[in-house]
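By written order: A, B, C and D. Residues from 1 in each chain.
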């Protein structure tokens, strides 16, 4: 039987198609996440009442912040899970080497993150529409809800940036945990330590400052992209020597 | 062959012994957690320098807060893991019903939590001793480091209370996740939402207030004990109808 | 005394049926083989008996109690298969100690000697064993625990030929000195039929036969001969299977309920017995052509 | 052309050896059986060939390349066992489509027809299949993918008797029309020996024999007779195994390298051939008593 010649690019493409169609859990969980977040958002998330002698204004803010937060969390978990053994091993049940497996996984994670960002943007229109149709009140447009095209574009870039960042962090942590279980204890503690206590992990603070103090969306997106690519590449290097199914 | 008669209490005792001796991962991870936390603590975690014309005082606070925080996190994870299928199924490889399996697991979790509390207390002595022996300086005793017996007892009660609370929360969340995977997404988001955003989950805030505003250690311990027992019992009820190894 | 009594027991999974209307009893101190094709429901039935799964209908009783969530059944029964969960990081010697604590009849000496015989170290952890060795370990545990009801679900998966032979021999030896109720499921009936007393044959979730092995061996008869003669003779007989051969010869498996006089009328036909293993294949065969048809239809054949 | 070439290949796990000094070649378009006792290292060897594990020493070449991390080897080889990972939630029909995309030789029609023959629905998800059905599915995939190198590691685990027979027959039929290199490991050599051309026999991590099945069948000879006569005749012969019987009779397995003249001197001794399956048991037996000794030592025996 004659041998098949394959190119790396071709196999990456096939593995990418395979992942996009068969990782149902990732898609399912995205939809569930969005629905739960929308349900929570539909309770008001802030506001107040001002009343004078002859009038009373009831201000209610409807926010997609909840949707955004849920989706960031989902992006982290989903790309963390993509690095686990059972997904990696499936690549080798078909045709794969470590490079194609890692690159196709990264492309997949980047793709679902982008789609999740679009979903998150659509949620804001969805909430707007629901309120517009069901509430018999004046709507006070906020600058962070519905704006013109350039505003939409820049908020999309910001949402997408945070999601990509979350998924690249999830990916690298997943790769670390695959190497040693100890990371599954150390990493979450290091992340949450500063929030709960006065202990400062110096680098972590700098990292947070690096992203949150950036005011230009353009620059922010660049920073995120470069960071994500570096993290993805590191995760790929970490998995390069791994054996398949030692059991 | 004549049948063996067994009592529930007797099997619970045997399962408890089995868990205490064969759940090596729980013990190993406790020791690793304490060591990592001690290593981090040995960097100073605060302090400052005051200097006048003729003197300079260099104040360094060594704190066991890091150890405490790591251990709380460990207690949560360890009891979360105890509810996973592989541990439950092992009970049924020996002799078990759902009651003995749950009760022995709860007793095990309560036991390791207590031992972890003792370890955490000892850590404070350990840090004290290391500093005393290695640093050629005057030690300013703080009220929260080494005190008299009643102080030790009350800080032990506080530490133990928080650990038990963390492990009972881990246990109930584990039981929920065993029922449906959706909880593994929803619960962490609900917990971290308030910390990251301005969204308030009303009940959660009340719960936090309920424990943190309590000034009497005695009352705090009582509150914790009752809450933990309620959570453990709920977790037990949730697992009461589960089938074993459907694969 | 009956150890197991099932009345119309049923287990459905999301619409699909695992087991339907199971109606049977197992006497104390017998070795019964549970035989059936893939997906017939053997494992579902055995797990229901062990109290792992909850029946969705009918009644399952083991030692007079419903096994699901029964401590009495759990203490007196053991279900062992390839996937039985034991901690992977516990040394085997310690695993034996745990069993000793839980099972009053546990024979520590037997366990240790069998383990040594099969060249497995007491210090080894279960996670480091190969699949065959893991099943050997489970087999040893099942024997040494001496549970009044021991259920082996395909115990010899991954065992090599000589280990299988030794395991079955050990099972028989131990059973003879310590009689108890044993259920074994296996896809190699030929290897265990000498061991078994009774056979439960399951097909498509239903128990289609439950009888002593000896009766299954005599259940059918193969009749070979020229097609016309065979066809003539088998009128009014219960035909179980039929195989045409190229030369115009035919082999037919019929139920062995004909009389000696019947047999005398069959001049020129060859009668041969059917092994228990072959008989259970015939009894559970789907009506379809052979595997060759899949290939013969194709152009390249 | 040699598809597989191993030179002193070695795989160690934390001190323990999986495979030691493996030195062998496999020609193109042969069916080779990989036989050995539990824990001998069969799976380690096969996974090394598939590029799953990285050798710790020596050289492994498949299609002229080191298989670990080789895309060429991955594209042209397939390793299938009970644990092969496919998404549990993907319907089987879709699983086939994925294979069709990855494997240019994939025969969709064959896959679909075999699946139907074995009564598995294309809509079923793999997670809902029983163990035997899952292995049947893996077998079908291995056949339909038509990889130049196909490795089946205990493919019939959990399959019932008739499915096993059908699977091996399908394998042979497909191999005849589409010759390729196939490796099969199995603990039921008797079931596959008619299928195999060559046999690789592994023991304790070492390859102790690699020869055509026919030669293994003639490798040894069993000589039975009264102890004295047998002992006299076997001087200067290579004795492989020896079985004393109670009646003073002895059976000895000797290497079949004696001449016809030798045989003529053996008056009154009975010569009988040894099956390939039995031969490989004898060749890999540890020096120890039988399983009966474990029980005979005990007081209750």
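The rule is short, and it goes like this: a contact is a pair of C-beta atoms (placed from the backbone, for glycine too) under 8 Å apart; a residue touches a chain by one contact, two chains touch by 3 or more.
Predicted model only: the values in this text are computed from it and were never measured.
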item: Any chain in contact with chain B as well as chain D; value: A, C
item: Topological distance between chain A and chain C, in contact steps; value: 2
item: Chain whose mean Cα position lies farthest from chain A; value: C
item: CA centroid of chain C to CA centroid of chain D, Å; value: 25
item: Centre distance in Å when chain A and chain D are each reduced to the mean of their C-alpha atoms; value: 48
item: Centre distance in Å when chain A and chain B are each reduced to the mean of their C-alpha atoms; value: 30
item: Where chain A touches two or more other chains, by residue; value: none
item: Graph class of chain-chain contacts, one of line, ring, star, complete, other; value: ring
item: Pairwise chain contacts, counting only pairs that touch as defined; value: A-B, A-D, B-C, C-D
item: Interface residues, chain B side, partner chain C - complex; value: 1-6, 8, 11, 14, 17-18, 21-25, 86, 89-90, 92-100, 241, 243-247
item: Parts of chain B lying in touch with chain A, wherever the complex brings them together; value: 29, 32-33, 36, 40, 45-46, 65-66, 69-70, 73-74, 77, 182, 185-186, 188-189, 192-193, 195-199
item: Residue ranges of chain D in contact with chain A within the complex; value: 29, 47, 51-54, 63, 69-72, 74-76, 83-87, 89-90, 94, 98-99, 101-105, 146, 148, 178-180
item: For the chain C and chain D complex, residues of the former touching the latter; value: 13, 16, 36-39, 43, 82, 109-110, 113-114, 117, 119, 128-133, 136, 154, 157-164, 166, 169-170, 173-174, 177, 187-189, 277, 281, 285-286, 288, 290-295, 297-298, 300-301
